[in-house]
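What follows is one structure encoded as structure tokens, with my remarks underneath.
Order as written gives the chain letters A, B, C and D; numbering starts at 1 within each chain.
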Amino acid sequence: MQIQITEKIQTSFAAQTMMSTLGAHLDQIERGAVSITAPILETARQQHGFAHSGMTFSLGDSAAGYAALSLMDVADEVLTAEMKINLLAPARGELMRATGRVIKPGRRLMVVSAEVHVICNGDETLVAILQGTMVPLSGPSH
Amino acid sequence: MQIQITEKIQTSFAAQTMMSTLGAHLDQIERGAVSITAPILETARQQHGFAHSGMTFSLGDSAAGYAALSLMDVADEVLTAEMKINLLAPARGELMRATGRVIKPGRRLMVVSAEVHVICNGDETLVAILQGTMVPLSGPSH
Amino acid sequence: MQIQITEKIQTSFAAQTMMSTLGAHLDQIERGAVSITAPILETARQQHGFAHSGMTFSLGDSAAGYAALSLMDVADEVLTAEMKINLLAPARGELMRATGRVIKPGRRLMVVSAEVHVICNGDETLVAILQGTMVPLSGPSH
Amino acid sequence: MQIQITEKIQTSFAAQTMMSTLGAHLDQIERGAVSITAPILETARQQHGFAHSGMTFSLGDSAAGYAALSLMDVADEVLTAEMKINLLAPARGELMRATGRVIKPGRRLMVVSAEVHVICNGDETLVAILQGTMVPLSGPSH
């Protein structure tokens, strides 16, 4: 993958204050697949002390969005048009990892998915799956 | 509505650290409809300075979940089974308000929806709609 | 609404063999809102004799698609990018009516919704809600 | 897998008149995975002569539902609570095949997915992905 795209994703990620609020960092960037990891902070919980679904969604949606961006032109931006999340199990653990993938690239729309796992005492549990649509926005050079 | 349910929703909301991280508070609690409002904090942005979709989802999902809880028994809990969000416009503004509603109550499943608006210089814009399913979890008295 | 658009929707609808297989007809065409009605035929049932979810989806999706088309240029076409359906009650009755609406028009994407009712002995029941995205395809004159 | 479950799925499928209207038949039944195949009939088209999205949905939803049923007790029934479909490409071809899978089994809810392919001149194209929730209904023996 072009170094430019990797740098672009890192720069965009760093500019998302929500990601630093959640303590998230980019784990892995490949063409069409991006992983994001975050500790489940005290500040991102629901009423029973598990990770809030908003954290699960944030990581899954961002991983899917950057997976889409990894296949776009360097000047392009990406927007989530829509995203569906099914929550499979309580997000109980120390660490959350979301992996986004491009299912179908396209110039107008990119269909993406994401899986979110939680790591608890070394055991990994699938806690959510996401399926959605990203829209490429052409950059100034277009 | 029973005072007990209102208090229960307030207690549950206060226990969600994600809600205080986002600066959110309960706006209105009615039978089958709950509103949550939050300022769009510097710490909840995406890369262009608008509210992160994770914030939009968090508020919409929580408002829908508490709308469902407002129709349940006092001892019950509520879990999101799945939620779909369509993002309609950039969430640019000072304040975000999510209003959740119960479309179809049920003992096993509650179908819910939410609308999320952003207030910018006094103008209100619909930025997202959500549609999903909540699951009642019976409390200890059941 | 331009007569041209109404005629175009009628022509497109007539060309969908699935609609005649289901016995469906256009009920009402307004700017941004279209209704489709069909009897629940013996040939469109699930295993308990209610309308098959595929019929409910077909009517809801088509009503939403034509609602979107009603706001487009005469030369444009419309495609469903994605659609989410929540099934609320068994579709038991004689007649099904789907009403599609445009929630947010746009040049690139149109966010739509639909409600599907079943009429049984004169009583109308909401059996499904849909939320999705339509994509305008520019016609030859563009 | 128990012969009883296989027979039950075959009996239920045969009772869905929508499946015979679409010319569909059960392709493969395994524990947690079911395939359904159908020719793209003249009677199941949209306005451009491709398979109607209602056909794509019907096959995907039914394959996912029977995948869920394959993991349930013999006396249980299954209902679709909700389903999301992303349409990836025009369904142009002779044959459509939907494969449903259980992502997360459960006593109250089963999260499922499906992929729908179209075969055109021997080439297979992924035309849709579905993600949704099935609800087990306890049979009379429970």
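Throughout what follows, a contact is a pair of C-beta atoms (placed from the backbone, for glycine too) under 8 Å apart; a residue touches a chain by one contact, two chains touch by 3 or more.
None of these values were measured; they are calculated from a predicted model.
With A-C and A-D as the two chain pairs, more C-beta contacts join A-D. Comparing mean CA positions across the assembly, the chain most remote from chain B is D. Centre-to-centre separation of chain C and chain D, using mean CA positions: 21 Å. Centres computed as Cα averages put chain A at a distance of 29 Å from chain D. Each chain gets a centre from the mean of its Cα atoms; for chain A and chain C, those two points are 33 Å apart.
Residues of chain C in contact with two or more other chains: 81-82, 84, 86, 111, 132-133. Contact residues on chain D toward chain A in their complex (touch as defined above): 84, 86, 88-89, 103-104, 111, 113, 126, 129, 131-133. On the chain D side of its complex with chain B, the touching residues are 81-82, 84, 108-109, 111, 132-133, 135.
The touching residues of chain A, counted against chain B in their complex, run 12-13, 15-18, 20-22, 42-48, 52-55, 57-59, 61-62, 79-87.
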